[in-house]
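The chains carry the letters A, B, C and D, assigned in the order they are written, with residues numbered from 1 in each.
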Amino acid sequence: MLLMQIDWLFLIEKIGLITIILLISLGIAAYATWGERKVAAVMQDRIGPARAGIFGLLQPLADGGKLFFKEEIIPQSASKIIFVLGPAMFMVTALMTSVIIPWGPSFEVGGRIISLQVADINIGILFIFGVVSLGVYGIMLGGWASNNKYSLLSSIRAASQSISYELAMGISLIALLLLTGTLSLHDIVEQQHGFWADGYFTWNFFKQPLGFFIFLVCAFAELNRAPFDLPECESELNMGFHLEYSSMKLGLYLFAEYINMFISSAVMATLFFGGYNYPGMDWVSAHAPQWLFVLSGVTAFFVKIIAFILFFMLIRWTLPRFRYDQLMKLGWKSLIPLALINMLITGGIALWLGK
Amino acid sequence: MIQFVYLVPLFPLLGFLINGFGWRTIPKSLGGIIGSASVLASFVVSLLIFFEVKNGANATVTLFDFIQTGKLSIPLAFRVDSLSSVFLLIITGIGFLIHVYSTSYMHEDEGMVKYFAYLNLFVFSMLLLVLGANYLVMYMGWEGVGLCSYLLIGFWYKNNDFASAGRKAFVMNRIGDLGFLVGMLLILFNFGTLTYTDFFGQLNNGLEPVRNSVYNWIAICLFIGAVGKSAQIPLFTWLPDAMAGPTPVSALIHAATMVTAGVYMIARSSLLYNLAPDALQIVGWIGAATAFMAATIAIKQYDIKKVLAYSTVSQLGFMFMALGMGAYTTAVFHVMTHAFFKALLFLGSGSVIHAMSGEQDIRKMGGLGKHMRTTQITFLIGCLAIAGIPFFSGFFSKDEILASTFAQNKMIYAIGIISAMMTAFYMFRLYTLTFTGKFRGTHEQEHHLHESPAAITIPLVLLAVLSIIGGYIGLPAVITEHHTLAHFLSSSVTNGLTAHLSHQTEWMLIGISSFIAIAFSIYGYMANRQPNFVPNSGLAKVLENKWYVDELYDALVVRPINELSALLDRFVERMGIDGFVNGVGKSVRWGSDRMRLLQTGQVGFYIFILVLGMTVLFALGFFWIG
Amino acid sequence: MPIQYYLFLSFALFCIGIMGALMRRNAIIIFMCIELMLNAVNLLLVAFSKMYNDASSQIFVFFIMVVAAAEVAVGLAVIVMMYRRVHSVDINILNRLKH
Amino acid sequence: MDLFEILFWILTIGAISSALGVILSRNPINSVICLIATFFAISGHYVLLNAQFLAVVNIIVYAGAIMVLFLFVIMLMNLNADVEPQKSRLVQFAGIISGGILFLVILAALRDSKINGVLEKSSNSVGLIENLGKTLFQNYVLPFEISSVLFLSAMIGAMVIGKKEPSNDLPERSPNQN
């Protein structure tokens, strides 16, 4: 009885989508490590990885293989379960957000409308917040379970940093929500259809430049990326919360960071830069076959994501690290008031326009 | 105009508020103008209302309900009819004259603005008293005038005697007020209403006069209130002491208006008293006794204001005599004429005191007529009126009272005649000692003697005119069958059974009283032309000391109460109440000393107790109660 | 599905919270048990909201969350202060109120 | 047994077992993790009950903020199983007994109660954010504002309480030592 109720095709479709997304996430993350090295090399005027494959393209595989074959060490005084739980949670939370991102326009196959979004839930943005707020557990548990004071300090730093910046992030998004009027990411993307309509830019970036800026800075902080990489700053804390980790558990931490970067780029592209929309998409939709249109949308989306990832990397190798008190001051005394003012002004304008 | 009757008390209230809140900042002259103008405004409105009432209008104006519980509803309502409109005129008219008088009289005093505030508050309360459409509003006014009386008697509160005189007045009034309150509660209990119209309506519904019934008790209780307020035996001693206040106050409150509140109340409740013959008997006898006793005391007083005060008590006794005979309109008539001439006499005495720089002892006066002619003449007119010389106002009203007593109770009539005799005597004794003969004071005082300014003499002249003509609205039946005032009042006051006298008898009575008045006036004048003040002895000394009533009260009431209080303090207060209160404290302390063992300080234990209590409550709630 | 299922579930959670508060001496754990009890109540409220199709009880859940958050902020501050003074979070040490 | 009931039982077992984990584990960190798991199970129940918004808010507020604070405090104090104060067996036993008695009393009381509503499986729009927002800002504006004031005062209170007072036993640190 129960089995009959389930829409099998639907299940297969979603499982397929999830698999593809996971694979792509992992792939992108893997090649982001390569990209980072390359960018660093360019910035520092050297060649970068070049031995494995052409341009060192096989370098990520080599790295992965090395990590797999390293010895797995769990410190004697660590709490075993939590020590293992930490990187797992970090990885899981990193991957969870991808569920609600619309990767491309919906299309029709054999009478079924297939959307390139795993779940279009009506509280999409809140879901992102929920997952982001959970992300800190992986770091905290891992850092604490290592029973190492550097790790503990680092994890506490990470926790307070991410709690602090979550606030500004949330408030900056509230301003955006005042304009969109919906929490569903699918609807938000649909609202940014094309690039230019009725004499206005459709992308939210043009409506909320300040909000985007705040969101971007907070994203840096949440990702623990430079210039906010205080939890893992080599010079002070050795390596931060994954100091005691080795082998693939360390790999998970490193990997999850890149996945986080990828996903947050995707979120920013979705929320502020129109997701899979691109200028002139209506013309393409009218003149090209459906598969080409979908592919072009997905491509546009990935182009945006990769641009963001490159931006992240450029920033990392450009700006120096903040001091911890500077970081807190920026978060509490600059970004939150700025976000509040942005929200108030946006609210006022939305009210004035009668939305 | 009747629907705007609330303006009448409103103006003095406003005057009180302005003067009362600004008495530190408002200049004296402005305070006097505000005070007088507010009363003048009410007088004008009262006059307009009076003319409408004269044409047969009457109304009850309800402002709002201020007590509303269950079936009982007591509104703040004003009753405008012939009785209240007459009183309105007396209060605002004489009140206005006295306000004008006060602007000059009180001008030296630094508390003048405060004085006017009190005076306005008094006028407001008095108007509330006579305008109220139910006993509660009357009671409010009743207490209000008591308060103002207290404030004004003790106006010069820095003098200890004056302040205690104010307190005495207040306490004695409270004794009477308790009677009034009990009467009111009896009415409420038996009739379920305090509104006049409802109450009298129920009385009218075919109820026979029943002896010893509830009517008598209600009437007696209300009368006790009147005794306190109108200074009758046994609660009269406060009124002479009340002369401690400024003289205009004595004129307004303790002669013309407030003390007649008792008369007003009984006249207002005439229907009730008609059903209570026993109570009426008491009223009549007490009135007669008061008239007689006060007159005897007045003969031997040397303070100009004390003489007038006792004469006031005596005249009030006359009014109650009339009330006791069921001749309510006659009493109201006497209230009116008395208001004119007694206010005149008080104001005249004020003028004299003013001239004598505060000296009140008539033994030190004499021959003042040479220096202050206007005061002398007006005072003489007042004396003629009060003595009952024919063709002056007092003659008509007093004659009417005596006639009604003759018709009903010859004993009271005899007492009344003797009192009238003494009235004529002591008034002319007062006049002679004050205004004729040689000056007996110091040289400084003689040098200082002068006629008072216009603000004082003009009210005197006006009142003198009123004292002459005021009586003609109530000519006796032998002259004209149409008694103007009685006819006017008949719409709101129902006279009791009055036996009609033949014309012959009336003429005879008029003759007797005229003769007595004239004879004793002349005797009073002659006997005091060459005064020699030897210390009194025998009966005269008893009279000078006011029959030792104050001392009697002291021995009978004050000292036993003090003894009792000391006893109660020692046994009930110290041992009983204190012991109980301290015992409660001690037992709580003892109990908490034991209870605090429960306070282990262990949070876990507290949570445990909490859960346990919750469980028990749930169990009780679901299995036992539910 | 009858509402009883949710009634029993939330009472079970509530009673587990009470047991925890009774059994443990660690102030933080007791605090967490209180949060657990609050959540049990929240769950019941949401179940009733579903039963009556009424949003009000979900609003109550919001208010409970607000109060819980405020309580945690203050409570944890108190516990931190206490730890700073006596270097312990054992509630049995805090029995000075007795005196 | 349909999907709804299967999910109900899974979530219920998860909630109760992790709640038991909260009170039974000796290590406070484990307790925190168990409590987070409980919250997830309860959020799952919320989703079952069509209160998606509340479910996510529950995660954000409880799991994302409150429990992080707990974890923070526990880590700062470095509490673990070794320093965990233990009550005597008797007291623990009494706690279990009294809690159990309370549960039994309530169960017994509810067995005869007349609450017999039925939860429909069809989804409704009550839990949607639009609906909640309307209810909140139309019927409960005043409580909302008051609770915001409460929250603000709690925040300030927490800061005042938690502020390190200048104590005498710690040497005063000079500014350049920071």
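Everything below uses one rule, namely that contacts are C-beta pairs under 8 Å (C-beta built on N, C-alpha and C of every residue); 3 or more make two chains touch, one makes a residue touch a chain.
Please read all numbers here as calculations on a predicted model, not as lab measurements.
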Task: Top chain pair, ranked by how many C-beta pairs fall in contact - done: C-D
Task: Whole-Å separation of chain centres (CA-atom averages), chain A against chain B - done: 95
Open item on the list: Can you work out the whole-Å distance between the CA centroids of chain A and chain C?
Closed with: 34
Task: Between chain C and chain D, centroid-to-centroid distance (C-alpha), Å - done: 6
Task: Cα-centroid distance, chain A relative to chain D, in whole angstrom - done: 28
Task: Of all residues in chain B, the ones touching two or more other chains - done: 604, 608, 611
Task: Overlap residues in chain D, where contacts from two or more other chains coincide - done: 57, 65, 76, 87, 91, 94-95, 98-99, 102, 106
Task: chain C residues counted as touching two or more neighbouring chains - done: 18, 21-22, 25, 92
- [ ] With chains as vertices and touches as edges, which is it: line, ring, star, complete or other?
- [x] other
Task: Interchain contacts (touch definition) - all pairs - done: A-D, B-C, B-D, C-D
Open item on the list: With touch defined as at the start, can you tell me which chain C residues reach chain D in the complex?
Closed with: 1-9, 11-13, 15-26, 28-29, 31-33, 35-36, 39, 42-43, 46-56, 58-59, 61-63, 65-74, 76-81, 83-84, 88-90, 92
TODO: Over in the complex, which chain D residues touch chain C? Could you list them?
DONE: 4-5, 8, 12, 15-16, 19-20, 22-23, 28, 31-32, 35, 38-39, 42, 45-46, 49-51, 54, 57-58, 61-62, 65-66, 69-70, 73-74, 76-77, 79, 84-87, 91-92, 94-96, 98-100, 102-103, 106-107, 110, 115-121, 124, 126-127, 131-132, 134-136, 139-140, 143, 147-148, 150-151, 154-155, 157-159, 161-162, 164
Task: chain D residues touching chain A - in the complex, by the definition given at the top - done: 1-3, 6, 27, 29-30, 33, 36, 52-53, 56-57, 59-60, 63-65, 68, 71-72, 75-76, 80, 128-129
- [ ] Mind listing the chain B positions that touch chain C in their complex?
- [x] 599-604, 607-608, 611
Task: Interface residues, chain C side, partner chain B - complex - done: 18, 21-22, 25, 27, 30, 91-92, 94-99
